[in-house]
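Chains here go by letter, A, B and C, matching the order in which they are written, and residues are numbered from 1 within each.
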Amino acid sequence: MSMLEVAGLSAGYGRGLVLREVDLQVEQNEIVALVGPNGAGKSTLLRALSGMIPVREGSVRFRGRSLRGCSIEQIAHLGLSHVPEGRRLFPGLSVRDNLTLGGWRNRSKDVSRVVELFPRVGERLGQITGSMSGGEQQMVAIGRGLMSSPELMMIDELSLGLAPVVVDEIIARLPDIAASGTAVLLVEQDVDAALSVAERAYVLETGQVALSGKAGELLADKRVQESYLGIA
Amino acid sequence: MTTQSTAPGRVLGTNPAALRTAFARRWGPWLLGLLIVGGAFALQSQIYVGQERTVSTIFMFVALAQAWNLIGGFAGYACFGQVVFFGLGGYTTAVLMAHTHVGFWVSLVVSALLATAFGALIGLPLLRLKGHYFAIATLGVAEGMREVVINVPSLTGGGAGITVPTVGNQATTAYLGNNGFYVLFLLIAAGSVAISGLVSRSKFGFALRAVNQDEDAAGAVGVNTTRTKVLTFALSGFVTGLVGATYAFQQVTIFPERLFDVNITVLMVIMVVIGGSGTVLGPVLGAVGLQFVSEYLRQHYTNVHIFLLGLIIIVGVVLLPQGVVPYVRDAVRTREFSLLANVRRYRL
Amino acid sequence: MTTMPATSPAPASTVGPPVLETRGLGRRFGGLQAVSDVSFSVPAGQTLGVIGPNGAGKSTFINLVTGHIRPTSGQVLIDGKDLTGAKPWVIAKARVARTFQIVKPFRGMSIRENVAVGVLHGPDGTSVMSQALAAADEVLERVGLGAQASRSPGELSVADARRLEFAKALALKPRLLLLDEVMAGLRHTEIEPSLELIDSLKREGMTIIAVEHVMKAILAISDRVLVLHQGQVLTSGAPREVLSDERVIEAYLGHRYAKRQQR
């Protein structure tokens, strides 16, 4: 059984429906990419999974347990961590404090894993995050997501506002993260970056899964470009 | 008064029944208002002096509540320094009558105009602030003004107060007495309700409500949001200043702590919120209701009346978050009278 | 809004100043240059599609034109008149109307009253309430919300709420209409009627600037397409050309995507 199993998921805001009957799986230690044009519902899907918005229909099973109706804290406790779009660090706090706050699930203050992955973060543990560059902030945000030793970490649009070189640097660390026990569900606008690191991918278009399959195959598939730009 | 409206140009035609309804809708409230005012006049001869003063105070608060409702209710800018207009109006009248021996009626007009101008002046910078910032800034203005008044004793008598001459050859206007003030406050109250009614149904009222709901969208459809807000603030200052001036004459001797008392603002807010902010009837109900309850409690539960009043206000605000008038309107429309449903309806 | 009989599409006018022209338009927020050096012009009757990946500055761009944000550099000219930094209501009175990406209805007022605000305070400045309400009804009929005129905005579906945004904009009888992602989140069945409405407006000679993500819509309505990327104009031209431009593909799909495709 997959670690994360989503079947027939429908969700939205207020009266509108953004996602319609979405099916998706993530296995242990896997990196799965979720790409698609703007407004497709990628962020909405992550929010539905982490409990920020209610699931209207369908099922969500994480490590065998149903997540429907669970609160955000309960879902986080189960080992599902969400690194939100725009980083959303606590700008007035230091790097170490931000990371510690991420570790409340198991009261962990052990930042060694994060420092190992991102040495630059290790050099700046005392720095106030608001004064850091976008790339450094993204590293801290991912680090914070890792502090609770989650089984699955969902990262929302890590490339936003970052230079391509920085994106590459951060993306390159994802296989290490997955290999050490934290699967990754990567929502990304930068299709190239996402599909170059993921094993499998889904393409979301107007709230539904338009394409799915092995990342390498999708990278060569003209239909991906069509879903973004309307023409191939 | 309802916010739903028909488009008379299309519906009417020559259908007599429809014409009657449209006529009733347009003029009904005014006729009703006239009736109530007439009744209030008549009431005067039926009640004795003590009650007369109480009812006068009710009229005063109706006017104050309506004034606050303009900026706090219709425009959605909760002003916590509204008493500054009250105090400005009162002190302008007292100072003019005490130092220049100008008559009351002239002082009344000057006071109201001064309060209006002050509203326009501070409105321009302050109305750029939102929500809590506007509330605190206006509160600061009121507190500051009180200190200013205390610190120019040669003009205002400072902390010792100032007295309006009402006897002897210094007195330029005969004291109005209980009867006179009853009528004057009644007229001001009626006028404030009329202004509220006019604003609510007019082109200006539409602009106000749009500004309240969404300033960006209001601007995008052509509403000059700055001018709308400043005018409304100035208008609310006008009415409040009128009341303050009348109050000063009535009290004869006034003190800064009373004329710039933040509790007066708080009372205005409570009355409007409980009655129904942004409606025409709400402030009236709130003012009348609160004063009645307050008086009743004071007479029958003298030792604990303040505590009980506070309790009632808390319960009222929790159960009727939008106030009495919207609750009744929605309950009648949806046929759901349960108070719990009301709380759920407006769950923030 | 008076409806003209459907005739052949009005040709883009080359007479007189363009309806909208921007010169070096820019906006900086602290250290971030959200929009920089955007220059283009839209002649009367043309529909310009504006696209660009997330964070490209598209919303900022619209807000700069409509006066909701002040430019820190550059100019906005409407019908040849410099209206740079003018307040939103001044722009509205110049017959420039817009919709909002996140719909902004006036709650506590009926749908008819929502539209009437624009009739009362817009360029026509109607003073008689009954006239304004009647005019509002006409606009609502035009967008297909006539039957809902007396209801409140909270009761509307997402697609209808978008139509209300249209109606509020059309109440100004605009010459230039700025559409901010009006197709976002709509199902295919809901996109069609919106496209028809835009089409009928185009036939009447309306000048339109549409910021969009839904490429199907962009292809359907645009005479020209402008691509914004990281706050600057990447390229502009005919829709199909632009969408096949390698730089545009890179902007949307990633910095190595197009090159990878060629391998």
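As a convention for this text, a residue touches a chain if its C-beta (ideal position, glycine included) is under 8 Å from a C-beta of that chain, and two chains touch if they have at least 3 such contacts.
Computed from a predicted structure; not experimentally measured.
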Reference chain A; chain at largest CA-centroid distance: B
Central chain of the complex, centres being mean CA coordinates: C
Length of the line joining the C-alpha centres of chain B and chain C, rounded to whole Å: 42
Inter-chain centre distance, chain A versus chain B - centres from mean C-alpha coordinates, in Å: 54
Chain A and chain C, separation of their C-alpha mean positions in angstrom: 33
Multi-partner residues of chain B (each touching 2 or more other chains): none
Partner chain C, residues of chain A touching it in the complex: 14-16, 18, 37-39, 157, 160-161, 164, 189-194, 196, 206-207, 219-220, 224-225, 228-231
Residue ranges of chain C in contact with chain B within the complex: 66-68, 87-89, 92-93, 97-98, 100, 104-110, 112-113, 116-118, 120-123, 125, 127, 129-134, 136-137, 149-150, 168-169, 171-172
Residue ranges of chain B touching chain C (in the complex, touch as defined): 3-10, 201-203, 206-207, 209-210, 213-214, 216-226, 278
Footprint of chain A on chain C - complex, ascending: 53-55, 157-158, 181, 184-185, 187-188, 213-216, 218-219, 240, 243-244, 248-249, 252-257, 260-261
